[in-house]
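What follows is a pair of complexes built around subunit A, which joins subunit B in one and subunit C in the other.
Right after this comes the complex of A and B.
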């Protein structure tokens, strides 16, 4: 029964990891780079919420209405006026610049908000749960996060598959020159992809801030979990990403049954094992969406 | 490091190939004297300054190792802290078994390189961002792994034993010499590597990896050699860190911040030269000292500068300084002196290049490959 509960918790935790992975997967799929500051952007969203909640009197559970649009706009501007410049100098420069951004962001948060960990207070939602049996609980919050992850992944999928802009983003991802020849300007479309990625990662950050407490140094490990979910799921496959997140989530909760430290180690080991055996992931897919 | 000359093309008339020029010969002399002065410094200098220099040497070794990886073979590792931690923990473990911590340093170097062998098997299947993240994950796994050992102090770490036998002054001196020696060896190792046949491959990989592969250069093998070298160098530095800090704490030695230091120093100094990381580490260190009262702001400022330089000044401070002058203190290239009717350049640049004085009838045109 303990294992069954761990399995259920792990699957729900997978939603959180998938939410982190969604934006990474999108940016990698479109621009073939990894934003190493991804986790820190999520943490920045938590701190923005911590500032905004007392200022606007919006409750924590609804604060995403303000935070996510801010990050969508911020992501677009960031891509157009900063990240694009590093992209123009090549993938290595982009890696280094986003790594620098990660360190700078983390230390700015450290200076402004101290190293103390904080969380978003959502009252009884964090403790209430559906009781399946005496051993298995499904907390409302975990269900909400899993639901949010599925909605976000579906929204990104539908955007890429069905809308005109989404199709243009995919065209640019497949063949930038050819797409440009028929009038799809890649800079704007990269901006759109980055905006979406920043929006989803802000959502992931808020979910994380409700789920557990967050400190400025929390970011990188969720970048790694998110990336691991992308790789395990297979690049470019959004639903594979959700499955990858769930594999990691289950690894975390099962590992935690041994001891909490092993809980943070086991998902990494699973990731390395997948890299060693199937570097293209468990559910590889050729192109985006 | 003296000028070694030899003819490459036997048939061509008077085609002279040299490996170094006059500034390099000077630099070698100054370098040896500088090392001597640095080695004697603990006898005359204030203790605080010596401690600062140990930290500078740590920074120089780390930056040099990261530059060898990223600058020459394009391996952007974000996980070199794995080897720093491995080196530090090897010193800790051996000291717990009664070893002299200083005697444990060579073992730490070998241990780091040996650990890098299976790690390279795993991460070399990946490239670019995948490689970067995989190295980072390995470092995290390394930290979580050593934290599981209660005998090593678990998550809080443990003191390095056997250091209290020295007096405080003597310990600082030995630590200083160790740090200086490691730094000198690390820089020398990269220099020797680049001058070897393998160095030719590395330079080719740096300039154009696909091109190097297409002419049959052993790209993978040379990458692996550099990865193992960087692991050994970082492990040596980790050992220095363990001894200079007197204890080993997993969240310190396995901190990604070390990699941030390496990357920032190299980006500021300049990628893919031997001099760049040295210059960058010194600039980084001076700024770190100057801004020491402003907590984490030094890292924010240095990070911002490094990002700006990565985008707008890719060759770094050293690259910008030497863009006009072909100045190399570590001669790793070949200089081909081609006889021809071309103008020989002004006297100063000829002097810098170490060209022979212009014979009126036979001016030399020169091409440089560094």
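Right after this comes the complex of A and C.
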């Protein structure tokens, strides 16, 4: 029964990892950029919420209504006016630039908010849960996070699969030149992909800020989980990413049953095992949606 | 008839190599201008430069007298200049229908829509949900041309449409040209298959190592001169014909 509970918790934690990973997958799939600042962007979203909550009197659980759109717009502008310049000068430059962005973000947050851990206060929601049996209980917060992750991933999927712009984002990921030849400005479409990535990772950051506490230096460790989820699921496949996140989540919670330290090690062992057996991930796929 | 597309003394470098040297040409509505030449003569580079994918080091590209030399490819598409690239370049993860729909993303007003394109290639309707990569070479070429038509181009540039196609598939592709011309567009055709190109062309140019060696109306060009322009040797020196029309 303890195992069943760990499994349930792990699946819910997996939603959070998947939400983290989906933007990484998207930016890599469309622009072939590995965004090393991805985790720090999530942490920045938490700090923006920490500033906005007292200023606007919006409760922590609803603050995403303000934070996510800010990051969507910010992601678009960041891509168009900052990352695009580095993209134009080659793939190594983007790696350096996003690494630099990560360092700058971390240090600005450290300077403004100190190194103390903080979390988003959501009152009793943090501890309330549905008790299914004496051994299995599902915390409301975990359910909300899993639900939000699935809704966000489904929204991204529908956008890419069904809308004109989403279709062109996939086209530009397949063949940038051919997309230009039907009149698509790839810079705009890259901006759209970055907007989606920043929006989803901001949502992931807020979820993280409610689930646990974050400090300016938290970002990179979640970047690793994101990478692992993307690779386990198969690069470029959104639903594969969700599954990859859940595999990591379950590995974390099952590992923690044995020993808390083993809980942070097991996901990476699983990651290595998947790479050894299926180097292209569980669902290798070339298309985004 | 005045020209839609005007290319004047275009010179393009690939690094140190001069791939295209001062090439000039024009395309008017209803006209097929063929650009023939051997492999590596600079034909594709010329088309890609006209489409905006390469920057020329000198020369001018104009549509309707408007200089578009500085515009990126997507802006040239808005001006009605559309390239069907060599190798088709379909979006491999998109379905056949989605590939066609990308042509409508920035479509100009004009006669071509999904219905009319489907009438051009009737098999498209049954196969629209298939992945584009599952089509045969000839079918892919048909989709690539349809995708370009949906933009409603005024000048359509075709880069080696016959490449890798069976003779039957090739005939099917070329069979639609008259209907395209009737809709009022001009075609700039790059082709290695000289016979095929000269059969449909209203005017022909020959490129040799980036230089224009011949230009004229196909009926007035005899094989001897074409061969000399194509290979860079005169018929007398070479001794025997290679191009048989």
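Just so we're on the same page, the second predicted complex is superposed on the first by the 289 of 289 C-alpha atoms of A that agree within 3 Å, B and C clash if a C-alpha of one lies under 4 Å from a C-alpha of the other, contacts with A are read in each partner's own complex, and residues count from 1 in each chain.
In this text, a contact is a pair of C-beta atoms (placed from the backbone, for glycine too) under 8 Å apart; a residue touches a chain by one contact, two chains touch by 3 or more.
On a predicted model such as this, the values are computed, not experimentally measured, just so you know.
For the composite obtained by superposing both complexes on subunit A, the positions of subunit B and subunit C are free of clash and fit together. In the superposition on chain A, A:129 makes contact with neither subunit B nor subunit C. Counted by residues of subunit A touched, the larger count belongs to B, out of subunit B and subunit C.
By the touch criterion defined above, A:175 reaches subunit C but does not reach subunit B. Once the two complexes are laid over each other on the shared chain, residue contacts for A:256 go to neither subunit B nor subunit C.
Looking at the shared chain after the overlay, A:279 reaches subunit B, while subunit C stays out of its contact range. After overlaying the two complexes on the shared chain, residue contacts for A:70 are found with neither subunit B nor subunit C. Across the overlaid pair of complexes, the angle with its corner at the CA centre of subunit A and arms to subunit B and subunit C is 80°, in steps of 10.
Applying the stated contact rule after C-alpha superposition, one finds that A:167 touches subunit C and leaves subunit B untouched.
In the superposition on chain A, A:84 makes contact with neither subunit B nor subunit C. When the two structures are aligned on the shared chain, A:121 is found in touch with neither subunit B nor subunit C.
Of all C-alpha pairs linking subunit B and subunit C after the chain A fit, the shortest spans 15 Å.
Only residues 164, 167-168, 170-171, 173-175, 177-186, 286-288 of subunit A touch subunit C when the two sit together in their complex.
The residues of subunit A lying in touch with subunit B in their complex are 28, 32-34, 36, 85-86, 89, 91-93, 95-97, 99-101, 103-104, 107-108, 110-111, 220-221, 223-224, 227-228, 231, 261-262, 264-265, 268-269, 271-272, 275-276, 279. Interface of subunit B with subunit A (complex): residues 70, 74, 76, 78, 122, 125-126, 128-130, 132-134, 136-138, 140-141, 144-145, 147-148, 155, 256-257, 260, 263-264, 267, 295-297, 299-300, 303-304, 306-307, 310-311, 314.
Those residues of subunit C that touch subunit A in the shared complex are 51-53, 72-74, 77-78, 82-85, 89-94, 98, 101-103, 105-107, 147-148, 151.
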